[in-house]
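Input: structures, listed below.
Across the two complexes that follow, subunit A remains constant while its partner is subunit B and subsequently subunit C.
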Partner chain A sequence: MSVSGWFRFKGRSIFSWSFMFQRITGVVLLIYLIAHLTYLSSLFDRTGATYEGMIAITVSKQFLVFDILLVLCGVFHGINGFRIILHEFGIAYEYRKPLLAIFTVIAVAVWLYASYVMYSLTGG
Partner chain B sequence: MESAKSVMEPLAWILQMFTGLIMILLVTIHFYVTHMTSHEALKYAEVVSRVAQPEFKAMYAVLLLVVSLHAFNGLRAILLDTSAGMRRRKAINIFTTLAFLLAFIYGLYLLFSI
Partner chain C sequence: MVEFKIRRYDGEKSYWQSFEIPAKRGMTVLEALYYIKENYDSSLAFRASCRMGVCGSCAMKINDKPRLACETQVLMLGNAVKVEPLDNFRVIKDLITEFEGFFEKHKAVKPYLIRKDDVYAEPKELLQTPEELNEYYIFTLCIKCGACYSVCPAAATLDDYLGPAAMAAAYRFCADSRDEGQRERYRIVSSSNGVWRCHLAMECSEVCPKNVEPAKAVQLLRRKTAFSILKSLLGW
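Let's turn to the complex of A and B:
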């Protein structure tokens, strides 16, 4: 499927949707990886001042929404990826449709739990 | 099945699955330690002290390797799945390999410098 095909809405199967989300979340996580490594360069300042200044922004309540969306991308990508690997090994291939639904529910549940803990830790 | 398998070579697809499985474990540990235990876990002193422990240093080195490989191999699959990408397969392979090496080597340098 070409990149433009990711955003075609007509006549798509739910597997095609999950494939599209797998790729979109993958791209988001790749961008985050580059940003994360760049951000961690602040650790080179051994006084810790640069790092502490940056971390104060990223652990703030205002930034939490981005963190939570990032966690959604990570959780969906990991859990959906695990489902793909299971099918690749021929496990539960005949139950593809219900398994996609179950894994999506698990992803949402894990995401909600992680978001709640992160919200609590930021003093919510 | 719709997956990156459609454009990847067999070895690249196996690596993508293998690194994905390792990441599920290591990213979960990393995320749990840094975001779900305490608000203090991200303080400079805590980060430096954690990374100084050999078991964490080893875990982060492995995590860095599998994350970089998985991310840029995945990017390669996405780019190769376009008509423009198919025409520039060699250039995309070189670009994503260099990007993987840069991310991994820079991350290792960072990990062993702090």
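Let's turn to the complex of A and C:
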């Protein structure tokens, strides 16, 4: 038995897919958090040159696709996580299928709107 | 004719073997396995007992999904049927998996009524309203087939995890108005291998052949356990 047991989806229901995405997005967010803190540590350079150099890369248009994917991870993880918390309190368990559909639609809608805003801000 | 592809295991190596079955209307996967055993290969090993979805012995992975072989009709599955042993269990031979650990976990949660006034010499009638029965009735339907455990991602990564079936049994008795052993069980299920290990993938409820909803039982047990811990911290 291993972590591969988290990623079995053959013959599984939509809930396994949701679980799998929750895990993957969680790992992506963790990696992002580490990268973000590493990034911020560049502020130790009091001249600000290192930070300015690094931020120039990440606010570029070429980097937008990664930002959009990161927002997808954050939005899905947060909204799906809220659904899981509801069920963990024993709330609306019988409506788990419609709730999963509703929360997924909300996550996609929020992600599309956020992507549009980010695209506009980068002068798209 | 329907092609049966069975994952076999001889104690050393695992391999696939195919058989052609003359399937007819109403034939179950279990009947097909008996057909193979009687006509092609008598060494094929699988577990079965009641043949009517009550004992839970014949749970196996059929076309990637855990199901009861005795309740799954061959013609509903198409022209190709893939049969494998359940995941998350150690395979002993062919489709037979080791269930001792699974039953040990079940036993560990004390799945019986605990009473302080349990005097056999003077039996006492314990009355219960239909509403009180409804609190736990659905969870009494578990047949311990292991289908829920085989799809549980927490059980996939942790051998000692109690699993959905054992915790559904624990909740069944904790929610029973006649039971007085809740605190004892809360202590067991709130251990590091209990309710807090559940990731709520909810796949266990999806595959349960008896619609027991083990994932719901685990969450309700979580809530009860949390309140119990809180009460004991406050000295209530």
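Simple rule for what comes next: the second predicted complex is superposed on the first by the 119 of 124 C-alpha atoms of A that agree within 3 Å, B and C clash if a C-alpha of one lies under 4 Å from a C-alpha of the other, contacts with A are read in each partner's own complex, and residues count from 1 in each chain.
Everything below uses one rule, namely that contacts are C-beta pairs under 8 Å (C-beta built on N, C-alpha and C of every residue); 3 or more make two chains touch, one makes a residue touch a chain.
All of these numbers come straight from a predicted model, not from anything done at the bench.
In the three-chain model built by superposing on subunit A, subunit B clashes with subunit C. Using the contact criterion defined above for the overlaid structures, shared-chain residue A:11 touches subunit C, although it does not reach subunit B. Of the two partner chains placed by superposition, subunit B and subunit C are both touched by A:88. More residues of subunit A lie in touch with B than with the remaining chain of the pair subunit B and subunit C. Contacts of A:116 after superposition: neither subunit B nor subunit C is touched.
Once the two complexes are laid over each other on the shared chain, residue contacts for A:19 go to subunit B and to subunit C alike. In the overlay built on the shared chain, the residue A:66 is in contact with neither subunit B nor subunit C.
Residues 1-3, 15-16, 18-19, 84, 87-88 of subunit A are contacted both by subunit B in one complex and by subunit C in the other.
Note for the complex: subunit A touches subunit C at residues 1-6, 8, 10-13, 15-16, 18-19, 84, 87-90, 93, 96.
Across the complex, subunit A is touched by residues 61, 63-65, 87-88, 151, 153, 155-159, 199-203, 205-207, 213, 215-216, 219-220, 222-223 of subunit C.
On the subunit B side of its complex with subunit A, the touching residues are 1-3, 5, 17, 20-21, 23-24, 27-28, 31, 35-36, 38-39, 42-45, 47-48, 67-68, 71-72, 74-75, 78, 81-83, 103, 106-107, 110, 113-114. Residues 1-3, 15-16, 18-19, 22-23, 26-27, 29-30, 33-34, 37, 40-41, 43-44, 48, 51-52, 55, 59, 67, 71, 74, 78, 81-82, 84-85, 87-88, 114, 117-118, 121-123 of subunit A are the ones that touch subunit B when the two sit in their complex.
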